[in-house]
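Order as written gives the chain letters A, B, C and D; numbering starts at 1 within each chain.
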Amino acid sequence: MAGFDKVVTSYSEAMAGLEDGMTVIAGGFGLCGIPEGLIAQIKRQGTRDLTVVSNNCGVDGFGLGVLLEDKQISKMVASYVGENALFEQQLLNGELEVELTPQGTLAEKMRAGGAGIPAFYTATGVGTPVADGKETRNINGRDYLLEPSITGDFAIVKAWKADRYGNCIYRHTAMNFNPMAATAGKITVLEVEKIVEPGELEPSQIHTPGIYIDRVIKGEFEKRIEKVTTKQENQ
Amino acid sequence: MALSREQIAKRVAMELQDGYYVNLGIGIPTLVANYVPDGIEVMLQSENGLLGMGPYPSADQVDADMINAGKETVTAATGAAIFSSAESFAMIRGGHVDLTVLGAFEVDQNGNIASWMIPKKLVKGMGGAMDLVAGAKNIICTMTHANKHGESKLLTECSLPLTGVGCINKVITDLALLEIKDGAFHLLERAPGVSVDEIIAKTQGKLIVSGDVPEMTFS
Amino acid sequence: MAGFDKVVTSYSEAMAGLEDGMTVIAGGFGLCGIPEGLIAQIKRQGTRDLTVVSNNCGVDGFGLGVLLEDKQISKMVASYVGENALFEQQLLNGELEVELTPQGTLAEKMRAGGAGIPAFYTATGVGTPVADGKETRNINGRDYLLEPSITGDFAIVKAWKADRYGNCIYRHTAMNFNPMAATAGKITVLEVEKIVEPGELEPSQIHTPGIYIDRVIKGEFEKRIEKVTTKQENQ
Amino acid sequence: MALSREQIAKRVAMELQDGYYVNLGIGIPTLVANYVPDGIEVMLQSENGLLGMGPYPSADQVDADMINAGKETVTAATGAAIFSSAESFAMIRGGHVDLTVLGAFEVDQNGNIASWMIPKKLVKGMGGAMDLVAGAKNIICTMTHANKHGESKLLTECSLPLTGVGCINKVITDLALLEIKDGAFHLLERAPGVSVDEIIAKTQGKLIVSGDVPEMTFS
C-alpha cells in the first residue's frame, strides 16, 4: 500500500492485527449487506473471545452465525438475535453474553462513536429494562437515557463499489448499518463487489468517504436471502 | 363477533390520512398495507433504511439487497428513498413518521406497552420497537383483546417488562377501538356484534364508556 | 397539495405561517447553497424578531444579510459572522444578540434536533468561553461539554434537484449545512433549481428523504460568489 | 534570519506523511499545500464538506457551488468526496483527520491555544477551529514567535480566551520548531541563522533546550 491505495489482495492481510479479546463492529441487517468474506476469515483465523457489535448475529451456518460454531464470540451487542439455534443454546449455557440494545440506539451509538461523541441522550428505552443502570435525565420536560457510544478495534463493512481510496457506495438496503460501522473501527476493513478507480464515483454521491476506510478487498458474495417473499406467494 | 386479523387491519387502515408516512410492524400491522383506502396515498417506512416500501417482488425481481425490516424481500415504490439505519432512526426518533402501527403483549391505561420480553422465556430482542414507540407522534397498537386463556391484555398496569412508557394513543383489538387518555381506556367503537358488556368483561384496566358505543364500519 | 406532492408555486405559500418571534434554521455556508428566494420572501414579509440559526449571516446586501437591513433578526446563532458591516453595527448597538457556536457543534446540534436527540457530549469548547454555563463531564478520562440540540419553527433549505415528494440532492459543496437544517424545522421549506418527477432520483442517492420536507418551490438563483479564487491569480 | 511565511509552510510540509488526510487552516497553513514533498500524497479536508480539495479552478471552471472552508472557489481532486458539514465534523471530532495545521494568537506550555477572540475587539466567531483542535490527533500550530511589539506568543499560560485546552503538540514559528510536552516547549530546531539565545529571549513559557539544536533544513 502506498499513499491512499488501500486495496489488499488477501483476506489474511485484510484482517491482520485482529486478536483474541478484541471488539468487532459489523455492518449488515440480517443477512443483507454483510461482509461475508471477512466473517469467513475471522472463522478461519480462529480469533476467540470476541465482542461483536452488530444488529443481528446471522443464522445457523451463515453470516456471523458461523463464528458461534467454534465459540469465537464471547459477547454480542445486538438488537435482535433470534434467528439461530446455536446462539440460543450458547446463551442458555452461559457461554455467550448478550447486551440487547434498541436498534436505533445501536445505530446512533456506532455513529456517535465514529463522530467523537462519547454519549448522547435518547428517549428510547426510558422506563424499560434497557434503562437499568443508566442515567435518566429530564430535559425540557421529558425523560431521556444517557447512552454511551461504541467504538471497535475493528469494523468490518460491506459495500457495493469502492475506489482504491476506500470511497464507497452501498447497494439498495444493503446500506443499513454499514455506514456507521465504517466510522467506528480503529481499523475499518471494507469488502466490496467491485473496485473502481478514484474519480469514477461522483464525489457528492459517495456514501462513505475513504477517510474512514483502512483496507479494501474485493470479495465474492453468496448473498443468501433470509425470507424470500414474492407477489405470487403473498398477493 | 370478534374481528379477524384482516378486519383489524382494515379498521386500522381507516385511520390513515393522505400523505402519511407510516411504519407498520410485523404481524397484523403488515396487513394494513393491503387496505389503504381509495384516494389516499401513504408511504411506508421500513426501519432498516427504506422510505417508500413497495409490494413484494415478482420471482425474477427478487434482490437480496432489497429487504424490509422483517428481512423479507420487497421492492421500492416510485419516489422511494434508501438510507442508513442511523438516518432511518433519526426519522423515527425525531418524530417525522406520522403513524406507527405495532402489536403488543399488553397495553395499560397509562399508555404503557409491553411487547418484547416474557421473563423466563428466551428473549430475542426489541429490534426497533423501543425506538418506534418512543419516537412516533401517533401510535396505534393492534392486538387481541384477551389472551387464549381469556385474560385481558388491556390492563391497569402492564405486568411484563415495558417497551415504552406513556406512548400508546389508540388500541384496535378484535373487539373494540379504544383511545387511551387521562389514565383510562375510552371505548369509542365496538366490533360488529360484540356487546359493550363483553368488552367491559375483557378489559381489566379502567374503561370509560360514554353514551352509545357505535359499531365499527369498514369504509 | 394532495398526497405527497409538496410543490408550491408562490413564495408567500412557501413561507406561510412564519410569524414574528419564530426561530428559523437556514442552510448554507457563506453564500454557497443558500435559499435565496426564501430569504428574499422573509424580507418581503417583514417578519420581525427572528432567531436565525445558520453557520453565517451572509454579507451586506446578500444572503441573510438582507434581513439585517430592516432589523428583522433579533438573535443570531452562528459560528462565524464577520462578513458584514451592518451585522457589526447592530451587534455593537445591542440591537442584535449573537450566540457564537463552534461550527461542528452547530452542525451536530441541528442534526440532533432533527433526530430526536435532545443533547449530546462533545470535547469541542471545553475550557473555552463556549463552556460557560454548560455542564462539563468527564467520560472515560476526558472532559466533554453537554450541548443541547436545536430545532426551529421553520427550516429554509436549498437543494439542486428535488422530486415532488421533497426527496432531494445537493450540488457539490452547496450541500454543507442544508441536510441537517432540513431535518430540524417543524416546517421545512426547500428551494431548488430543478423539480423532477418521483422516480427520477435514484433512491439510494437521495441526500435528504422527502419525509423531512413540507414544501418545495422552484427558485432562480444568482449564486453570488464570496471569494473568486482562480489558478491564474494564485499560482 | 526569521523564516518567511513560505518557509514556515515549507517546514510544516516536511511533517506530512504519505496517505495523510490533512486539514489546513486559513493563512500560512493554506500555503502548506504548495510544498507537499515529492513522492508523497496527501488529501486535504475542508470543513464545509470536502475531502480531496484540489487547486483553484481556472477562470472558466469557477463554480459557486464548489468552495472551501475559506469560502474560496476550489476544485475537487480525483477521488474526492463531498458530504454535509455534520459528516465533515464527524470526521474531525472523531479523530479521523491525521493532521491539522492552524494559526494562533498564543500557545502555552500546556498545549493550550488562543486563536479566535481578543477581548474588547469585535469577535467574528470561532468557525471550525474549536472542533479542529478538540478533534485532531495531531496538530501543528504556525505563528510568528513574537508579536510586532516583540512580545512572546509562546507563553506560560495563554492570556486570551482559549480555543482549546492541552491540544497543541507542535509549534512551527518563524524562529523555531518546538514540541510541547510535559508542561514545556522543547526546542527541536531553529531557523537558519537564528540563535538559541534569541529563541530563549522570545519564549516566555518554559523552554527546554537540550544539547545542540540543529538548524532547520527544508528538504
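Convention: a residue touches a chain if its C-beta (ideal position, glycine included) is under 8 Å from a C-beta of that chain, and two chains touch if they have at least 3 such contacts.
Which chain is which protein? Per UniProt: B, D = 3-oxoacid CoA-transferase subunit B.
This is a predicted model, so every value here is computed, not measured.
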Steps needed, at fewest, to go from subunit B to subunit D via touching chains: 2
Comparison of B-C and C-D (more C-beta pairs in contact): C-D
Interchain centroid distance [CA atoms averaged], subunit A/subunit B, Å: 29
Rounded Å distance, subunit B centre to subunit C centre (Cα mean): 35
Inter-chain centre distance, subunit A versus subunit C - centres from mean C-alpha coordinates, in Å: 32
Subunit D residues counted as touching two or more neighbouring chains: 50, 76, 82-83, 89-90, 92-93, 134-135
For subunit A, residues that touch 2 or more chains besides their own: 108, 111, 115-117, 122-123, 171-172, 175, 203-204, 207
Topology of the chain contact graph, where touching chains are joined (line, ring, star, complete, other): other
Of all residues in subunit A, those that touch subunit D in their complex: 1-4, 111, 113-117, 163-165, 167, 183, 198-199, 203-204, 206, 209-212
Residues of subunit D touching subunit A in the complex: 18-19, 21, 40-41, 43, 45, 50-52, 76, 78-83, 87, 89-97, 134-135
Subunit A residues within the subunit B interface of the complex: 29-33, 55, 78-82, 88, 91-92, 100, 102-105, 107-108, 110-111, 122-130, 143, 160, 171-180, 207, 223-235
Subunit A - residues contacting subunit C, complex: 108, 112, 115-123, 139-140, 142, 144, 148, 169-172, 175, 203-205, 207
Of subunit B, residues touching subunit A in the complex: 46-50, 55-59, 62-74, 76, 82-86, 88-90, 92-93, 112, 117, 122-131, 134-135, 161-165
